[in-house]
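Have a look at this one before I ask anything.
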Amino acid sequence: MHAQSFALPAVNLLAACLLLISFAMLSRRRTQRLITLFAWQGAILFLSTCIVAYSSGLHELYYSAALTLLLKVIALPMILNRLIVRLGAEWDSETVVNIPLIMLVGLVLVIFAFGLAQPISMMATTITRNTLGIALAVILLSFLMMITRRKAVTQVIGFLAMENGLFFAATSATYGMPMVIELGIALDVLVGVFILGLFFFQIREQFESLDLRNMENLKED
Amino acid sequence: MRAITIIRQLGQVVLAIAIAPVFAGWIAQCRAWLQNRSAPPLRQTYYMLRKLFSKDAALAQTASPLFRVTPYVLFGTMVLAAAIIPSLATDLPFARAADAIALIGLFATARVFLSLAAMDIGTAFGSMGARREMMVGFLAEPALLMVLFNAFLLFGSTALPALVDNHRAHPSIIDPSVIFAAVAFVMVLLAENARIPIDNPATHLELTMIHEAMLLEHSARHLALVEWASSLKLFNYACIGFALFVPWGIATHGADGVAAMLISIAALLVKLIVAGAALALIETFSAKLRIFRAPEYLAMAFLLAVLGLLVHLLLGVR
Amino acid sequence: MNSASIAALTAAVAGHQLRLLLFLVAAWGGLGVAGVLRPRGSRVVARVLFPLGAVVCLIVAIVAATFLLSGQAAQVMVLPLGLPDLPFHLRLDALSAFFLLLIGVAGTGISTFSAGYFRVGEGTPPGLMGLQYHVFLASMAMVILADDAYLFMVAWETMALASYFLVTSQHRIPEIRRAGFLYLLMAHVGAICILLSFGVLQGGSWQFTFDAMRHASLVPFWASTAFLLALLGFGAKAGLVPLHVWLPEAHPAAPSPISAMMSGLMLKTAVYGMLRVSFDLLHIRYWQWGVLVLALGLFSGLYGAIFAAVQTDMKRLLAYSSIENIGIIFAGIGLSILFETCNLHLFAALALCAALVHSLNHSLFKSLLFLTTGSVLHATNHRSLGKLGGLIRRMPWVASLALVGTLAIAGLPPLNGFVSEWLLLQAFLFTERIPHSFVNMFVPLGAAVLALTAALAAYVMVKFYGVVFLGQPREPSLAEAHDANWVERLGLIWLALGCIAIGVIPQLALRPASSVTGMLVGESIRTTGSIWFIAPVASRQASYSGIILLFGIIAVIGVTFLLVRLVAHGRVRRVATWDCGYPHQTARMQDTAEGFGQPIRHMFGAFFRIERDLPSPTDDPPRYRIRIEDRLWRAIYLPIARAVQWLADLVAVLQGGSLSIYLLCSFLTLIVLLVFVL
């Protein structure tokens, strides 16, 4: 089919861009850039879901794509932007160790994910199953981002990026999850961001800063 | 060896030597347009070279024979590289003398000689420039090697003529590995040719110079040769990029006629114009990095190349 | 010499090479003994014995080359010396011939240089030095010719002892004694591991000839044990990280020709040992070994290059550079084992060829560089990079030949260092065909580490050459430096010519290496074809021509020079150096060795242990001191030393000094013997 002949290369290209954005998120310092990258991730997910929906003929994936567009490209970035403006956390976000080392560790994680995913993707039945390795890599890289950042807001973004990776894994391995689960996850994510935002205001009031090192002083000596 | 191949080889070399200064001038022209000022005409680089050749060479009293030989060695290596890279045709007698890895080695020879000449005079500027230039060099080599690795996996060879032939047989624009490798290559090109964001080619502040610091002591014909060699290096890198990623127009094996020659020259000129404009665009939108952010920049290039490699291994053979 | 006379020579010696080599080794021994007869006679030693030794080296090289090129079967011989049931077995096959060729070619240059260098005595009487030197050479040759474990160990220990005495030539200086002690200690630790490895290799037959070991078949556990013990032992001698700590101490302590011999020749006997055990004596290999050796090799390479970049003593810099090159050689060996166990024999041959050619190249250019530092030391009496500079004007011969060595070791075309690195990188390109899933993704990263190491080597060598020979002299006493004498120049020229020859005509090294790979892995790369190009796998895939590059560059330089002179002119004005308006430029304002290493300290800081003494504002004059130490010394060696001390203290309880305890020990032994015998 003509659709099939361009679908697979297009999805491969989008998957590679997704991986690239996860790496870029590891190395960017400014929080505002991170949110922009997150929005781009959402856009790529939207495009790839649309392409998979078109080539496989499953129409509920279009609803899933629309949900992604609404939530991850428009709503969440807007909320997050407002949050960081009010918190005053737009600028430099330090990392625990230096950036080239983080990128090297990220590279090792990517190889690890690719190696693990190869036997698993043999068991899947979709045409896009090879991109499962990339999805796993995106999840691991977002987790790494959460570990290596100091400011609290960036950890939320890492958490959301991890969810993006899970979503991509689902679309590529099984043509999406049941609608009920998708709606549930979307609602959870939205509510989670609201609650975390509230926490950030509390933290800032308590410690005058959002640096996580202050939390380490909470334990009793 | 037939006459047509020898003519093509010589023609390619002469064209490279002639066009290289204009290419650098064209990039400066585009930068000026983007910055809303008017640039000197494209012939200015030739006038500059002519002026330099007519001056007396002023050598420092501490300069040794190594210093005097270096400009010629630089020019020689760059011209030889221009003879080897298939910018117009792949059926060249010199093209088998070096594959892409050997070409990188040839550029390394030029860089080492330039650094040694800079250290020869014994002032702080030259040795600092030498140190920084060698640092950028050793960081860029792994990235460039990974780009070639990518090219080898995609097209089955590291010899540039074979690469061009294979690429023309199986075109692949939207393969992610090719795109990653291309971006990594552009990043390395900017670093190795001392352009923003690694080095500012128009700076005159000693503390921010890398490449310029090493040219400080050369004058007259030596400076002319070194400047010419630098613009040839940029031209060569651009041609390697064209051979790896956009090889359309290069006369492949068997295309011998005059028409093929004219098409390849026209294609090369078009590609150079577009590439120059793109480079000027990148330079205008970037800021020069602090010297110790350069490892991060080159680590990013290395990473892109490795990602391209891994994505190719994961997503299967084309 | 035309090819007819070469063929005649080859035919004449065919079949007798082993006997000839044995005779030549005995000749070295004889020269050594002749030196002892007149220990203080430096003129006889320098003008007669060392040149004769050089001639013997040359003949060894020629004999080994005829064996390699004629492709004969192995020759064996049994000497009636040694143990009653284990006489000395000797064997000459392609592998031994290659390493004998290496010793011969590099040894010729070093011996010639020594003939000029040792005209001035240093510490040890020259006659004794001549004995130690020639015994060292002879024992290295015997290690390579040995075909049973006993002769191997005897020759190995002789090599270690002779080199210990050579290293401590200036034994009145305490640092040199300490360096010699550390060297001897590590050499013995390595020898024990090798002995244990041979013990495991005999596999139950209790015959310690190599033939018996070739026919023994070991279970995987014992094969791996033997391999690891051999890796430990030969790695300790070769200077593989983390067993490298003796190298940066011993090489600077020794006189320069001895450093050249140790770096150029002795480290290669360890490489020979590793190849002999892994490819010849062990009947099977596993891919995990290949990955281990590859990883260790790459790590050593990077480690050596990084440490070399921050050194301030020129001989220590070269010592760390040797560690780096040995790392590259072992990486090639590891890659070869990996390919061979995956049944990719052509690529295994390519990687092994790269490792062998790199060994040969390293022996040439490292010896050249160490010898030039010897000339610099003799001329200026300074070893520290902070006190040298601008020597290209006072010592033009040494400087130009050192330039050839520097360009070669930096891996720049068209010299020889580039050929071996190019071959190794070509071998890395084929690693994605390895069937193991994680390995074929990690090993391409190894290629990137190799490229980084090679580029760092260029950085280090620019630092070395630029600080020593270029720039302005940092001490006023450098104005009295004199150039090397004609004998020393001859030795240096021989080695430099070797570097250029192999770079321009790589077949000179590739043909011998192919015979070796044919013997060890069963296949060889393509070396036939024209003399203009080498194309190891297929000429569509990659090819390289040193001749075209060299002559092309020279031709373009010539044409450009003529055109510039014709069109423009050649006038030159000498002016004062531009000083940016600052009037008091001194030679101290150029970059120091520490300054040149600062980017490496900044980027790779985690590898070092740095101690800084910063000046306070009230100091007059302000002093800045920086000490860089190896982390592995404190992490591995000091704890081991403390553990040994603790054990010794425990045992020392027995030495209480009290007579009753000694008598008690004898009494208890008597009781035990009575119980067990009766």
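Residue numbering begins at 1 within each chain, and the chains themselves are lettered A, B and C in the order written.
Basically, a contact is a pair of C-beta atoms (placed from the backbone, for glycine too) under 8 Å apart; a residue touches a chain by one contact, two chains touch by 3 or more.
Since this is a predicted model, take the numbers as computed values, not measurements.
A comparison of C-alpha centroids places C closest to the centre of the full protein.
For the interfaces A-B and B-C, the C-beta contact count is higher for B-C. Averaging Cα coordinates per chain places chain A and chain C 51 Å apart.
One inter-chain figure worth recording: chain B and chain C are separated by 36 Å, centre to centre, where each centre is the mean of the chain's CA atoms.
Of all residues in chain C, those touching 2 or more other chains are 441, 445, listed in ascending order. Across the assembly, chain B contributes 295, 306, 310, 313 as residues in contact with two or more other chains.
Within chain A, contacts with two or more other chains are made by residues 107, 111, 114, 118. Of all residues in chain B, those touching chain A in their complex are 174-177, 179-180, 295-296, 299-300, 303-304, 306-308, 310-311, 313-316.
Residues 53-54, 56-62, 64, 66, 72-73, 75-77, 79-80, 83, 94, 96-99, 101-102, 105-106, 108-109, 112, 115-116, 119-125, 127-128, 130-132, 134-135, 137-139, 141-142, 144-146, 149, 152-153, 156-159, 162, 206, 216-217, 221, 225, 292, 295, 302, 306, 309-310, 313 of chain B are the ones that touch chain C when the two sit in their complex. Residues 107, 111-112, 114-115, 118 of chain A are the ones touching chain C in the complex. The residues of chain C lying in touch with chain B in their complex are 389-390, 392-393, 403, 407, 410-413, 418, 422, 425-426, 429, 432, 440-441, 444-445, 447-449, 451-452, 454-456, 458-459, 461-463, 465-467, 470-472, 533, 539-545, 548-549, 552-554, 556-557, 560-561, 564, 567-569, 571-580, 585, 587, 589-591, 595-596, 598-599, 602-603. Across the complex, chain C meets chain A through its residues 437-438, 441-442, 445.
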